[in-house]
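Presented sequentially are two complexes of chain A, the first with chain B as partner and the second with chain C.
Right after this comes the complex of A and B.
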């Protein structure tokens, strides 16, 4: 999928919007500690900013209850806050991150029983897309934007609709969504996101070397992606979740007007309000005819 | 490739042509490392990045596996560049392997972890208050630059006395002006092209000339290059304590333009489909540049009205300016009102400029000789074949046995024909 043409800029200027998963329920049970994760990620940001004077990094934290902008490399209020040892990128980012996590905790909801809670990926995806739209409208000279999702929490099926909407609008604006999944299982949403928008999805095998994975795969700018071998999608899980119960389903009913998916037969579509006709009872007729045809052919 | 890239690439070629010892010394400065990293082609940057934390050597075959078949030429270009700049050291034992330059690597690792730092200490705040504002600085920079360019066009038109040293002026004007004995200095063909380039390209050209001439004056090239590259990391408008210089936007844009191709200034020219041109500018320099290829009709306090005519274009072509340069100048300096339109300069104007340029190429002249009255057809045929072998045959007429050959092989033809007659 061709990336958005950018005018008047050299080929490898990029704007990377990073969605950082800060879900405390995931990080407390992960093999890689959050602080180690941050060291890899901060070095990666420095690398991107070094490559080109015009590169930009924006970080949005995906929390359990809320999402917020945590760092923007192009804002001028980035002077280092007193601490002579740490450079301003790290200091500002860490400080903002800490404030965010305190606020997020205070909005607290109960952790659901059994499985690890999911983070608000749909919220941060939408915020990222809004930021990118603003960049597009700022004039002709803008870097090529892409979204990088660093996610460890599992998918929340209740966010299916919102995430798919965000993915399709990213596809429309030609913004690739890269995703790096750090958790144990696979994330269907992230695989679909990268597949549909033309980004790269990867699940690193060794989390100790996360920095090298980030640099090699996700550090490639959009221009060079035409020339380099990057991980290809293998067996994307395209299953949808139903709109009524948010369960993942393989087969279901679809409204012919608005294409909403339901697991049970309903009289009326809850999204568009169109009334469905009589349900066709499951008769053996069609299958019997098929069987008959098959035997005559044989 | 945009012109800025070509000229800037030449600057990097100059860096690459320094001796091995000088280059290694250059890499001890972390800012140079960063500047050089930024100036590499995108694939080369990727390779360097991937090798940051790899201490050993990587076989070339493995690197080739990283690339898709489409990108193979870019891959070769990137590797050649890296080897030329001594960033990759090549070892050929059983197979070719590449290793990243260790000083470069350690400097950049530090940079990644600790982030970039300012090159020098900032000035104390008491003095900062007395520094000129950013707008003053920009106005000053633009004023000086225009003065210099005006000097190039006509030495009489510059109003303000310039304080460029005369040896500097000579250096810069060496390639761009031709001095004939009795006439005033005239712009050469490359001079015209220089004027139509955009600011960053012009700056790079001058920097390059300055550096190549520094050898004569005894300054070490490597020191100069490192100073200039470091200069680009300063923030415009912030002074530095020790040496009292305040970099302007021109300087800080330099390093950006190593790979960038645009000067992000506002355009001012509107070209209409009836070949009229309206330039919203007050600068004398712009007026002179427009006079190069168009007929300036009126000059109002904030507007220059002109027309692109056949005569004015023929004039420009005779001075060595090409149609492509004129068109790209118009496009790059298009007024913001028309810049959004696609195309910013109307197609009929562009096409007509190119057609008029090809007018001058309609007739091609080759010095030649004409042969007539051959004694017999065999001799004629033999002469034709001979001329064809010598690739000098321009025209033949078998019916009336006439032949035109290039002037270069005339003597050989004469020998041949004499031989035939015997």
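Right after this comes the complex of A and C.
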């Protein structure tokens, strides 16, 4: 997979921006405990940093109410914190993570209960892309960036538009989005993201071997991926969610002006305000050709 | 030797090129060719129908090879004949190619016959030709046509009704655009000079005459006045050509002399006063709202030297002969103006020059009327437009302001919807813990790690091995199933006969379904019978698909059934709809089982 046209110091220097899912509602009900998960992930970060001296890891926490940068391996302010039982990478990261969780909880005090436990993936994707853009503009010598999404929470259909925008901009800047889905069902967004941007998507069967999965599949840099065979998903779930109810649909109506997707026939598009014309056939004979109708504006 | 019907030549029949060959006589007619060896007992007699001959090859005359012709037949064999001379070879070759061409046309004759049987349609000859040509060029289309129209499932009209785009080629061929005037100055006629007899010949075509009339309105007026009253057309043009010749010689004094003698000639030599008037009018008509100064001083065409300052002290001015000066620049400009105005008359339609002249005069008169109107409009517009913009108040244009909605509004308004929807959806993902408990558990996990450090080993070795072997197995099996070549599709791995059958079934299903769905809702009995026909055809496809699946070896059967499933689903949907509609119909109509409207 060709990445951005960056003149590198060597081919296989990579910058991995990791989007870590810290949704407490998911982790408290997951079979893999959060501490085990962190163990695997921290070891993985260490492994990436040892692959090449110039490799860089940036961690963004995807919370329930907010997202924030939690760790940046290139920042020089990494003091050795703690009791010496672990490398400073881990210590700093855990410290920042704890602070982030406190902040996140405080932000969430006003929200009502009963929402779907989905995390703000669109926010952290946007933050990752902004960071990568800054790296691109920093000069000719920079590592090859990629995004790794460690997600367990289900897709939030209300984030569909924002996530698709982020995915398209990643495709445009040629940044592959790898995704590792740890939840129970399938995530259509992550599959689409990896498919469109040329990254790798995988749903590990055995969660206690997560470290092995991460090293084997997601540890390789972009240059080496040209000669390695990585697992390809057999199919991609391309379903979109409708703009009116945020349901996942696979057949619907599309406004011919702004391409917004609706699950039922509307008189007026709610995104761009264009008025649709009359339906052509009678309403008591719904045939298959009318299921996907193109609507026109006034 | 003979004419078109039959050819008989002496030839030797060879099995291969190296074979010495059996001498004998080769006879060819429309249907077949026959070879009779000289020696009746050699048994090399041949009778071959031309229908089985696919192509022919022959040796060239210039090469050193003997004159051979090689006829290839459908099964891959070939018949080689050697002739005595190249002349014989050419005759036979021409005959063979003629017969082969004719035989290629006969399968289409059948098509033509079936296409011609259209009692309810009025088709023009060229439309018929177009359809036949389309069928000949596109073999897929031909197959579909033969299957459906030949099998009486669709009528000819319905088949082509779905393909209007293909038949629409005609209008573009007839371009209604008229060819304009040539940029080259053909009105600048040059004679052909004959050195021996000292004669000069001018040739004038109607096109040239039209251009002359358009460019020189004085000549046009003279023509209308003089012919046929004062002189014949021939005399007129003779005088005109003489005037052209004279002016080209640049013999100034001769020009003046001749002009003085012959007043008609003088018309041609003089300056064109109609043009001069027109130009003056144009100058007066200049739109004052244009930010340019235009007055009589800009009438440079009639100034000496076109207004270019020149020190003319060394030249002698003969005022009287000024009229007869005509410069190349004037001619060029006039020609350019005429070409840009465009052509209003078709030369071919006018029979005589007189008619041409009159037509031109009429069109000019028509233009004058339009000019007057334009003039009035301009006068009206002048006071309105000649405003001083600085002193105007800013006026709001009647535009709808651009309303770009705040994006947040959209996202926030959807929260209410999601709350409603999310309450019942995905109950399994809801956490049983309260918010504080959930956060606390996560924080506890983090502190746990901080105290304990990373676990050792991070991953259990057996688990790691299992994961690793699982992944490699996964990757290799995907490679096996999807193939190494990313461009290879599932279809390519099937045997080609199956692939073609699949594609053919798919195409015919698409065609039938297109017609089926387009005839709903049923409003006429014609549509009803059409739907019945289509439904029968659709139900016949099921056994065909089954048969195809059974003919395959077991390992391909699964893949083919995966490919066939969407076809079957489409057919099922169509037939379901048909049954549902039939039920509705019979319920509505009560006793009538047919459900006619």
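A few remarks follow.
Note that in this section the second predicted complex is superposed on the first by the 269 of 298 C-alpha atoms of A that agree within 3 Å, B and C clash if a C-alpha of one lies under 4 Å from a C-alpha of the other, contacts with A are read in each partner's own complex, and residues count from 1 in each chain.
Keep in mind that, in the parts below, contacts are C-beta pairs under 8 Å (C-beta built on N, C-alpha and C of every residue); 3 or more make two chains touch, one makes a residue touch a chain.
This structure is a prediction, so every number in the text was calculated from the model and none was measured.
Aligning the two structures on chain A places chain B and chain C next to each other without any clash. In the superposed pair of complexes, A:25 makes contact with chain C only, with no contact to chain B. In the overlay built on the shared chain, the residue A:105 is in contact with chain C alone; chain B does not reach it. When chain B and chain C are set side by side, the one touching more residues of chain A is C. Judged by the touch definition given at the top, the superposed model places A:90 against both chain B and chain C. Judged by the touch definition given at the top, the superposed model places A:43 against both chain B and chain C. By the touch criterion stated above, A:53 is placed in contact with chain B alone, chain C being left untouched.
When the two complexes are overlaid on their common chain A, residue A:229 makes contact with chain B and with chain C alike. In the overlay built on the shared chain, the residue A:245 is in contact with chain C alone; chain B does not reach it. Contact with neither chain B nor chain C is seen for A:266 once the two complexes are overlaid on the shared chain.
By the touch criterion defined above, A:211 reaches both chain B and chain C.
Minimum C-alpha separation, chain B to chain C, in the superposed model: 7 Å. Put simply, chain A uses residues 43, 90, 211-212, 216, 229 to touch chain B in one complex and chain C in the other.
Residue ranges of chain B in contact with chain A, taken from their complex: 34, 37-38, 42-43, 45-46, 49-50, 52-53, 65-68, 70-71, 74-75, 108, 111-117, 255-256, 259-262, 264, 339-340. Per the touch definition, chain A reaches chain B in the complex via residues 8-12, 43, 46-47, 50-54, 87-90, 140-141, 211-212, 215-216, 219-221, 223-224, 226-229.
Against chain A, in their complex, chain C makes its touches with residues 403, 410-411, 414-415, 417-419, 421-423, 425-426, 428-439, 441-443, 445-450, 453-455, 458-460, 463-464, 466-468, 470-471, 474-475, 478-479, 482, 517-518, 520-521, 573-574, 577, 581.
Residue ranges on chain A touching chain C, taken from their complex, read 22, 24-29, 33-36, 38-40, 42-43, 82, 85-86, 90-91, 94, 97-98, 101-102, 104-105, 108, 112-117, 154, 157-158, 162, 184, 204-206, 208-213, 216-217, 229-232, 234, 243-247, 270-271, 273, 281-282, 285, 287-289.
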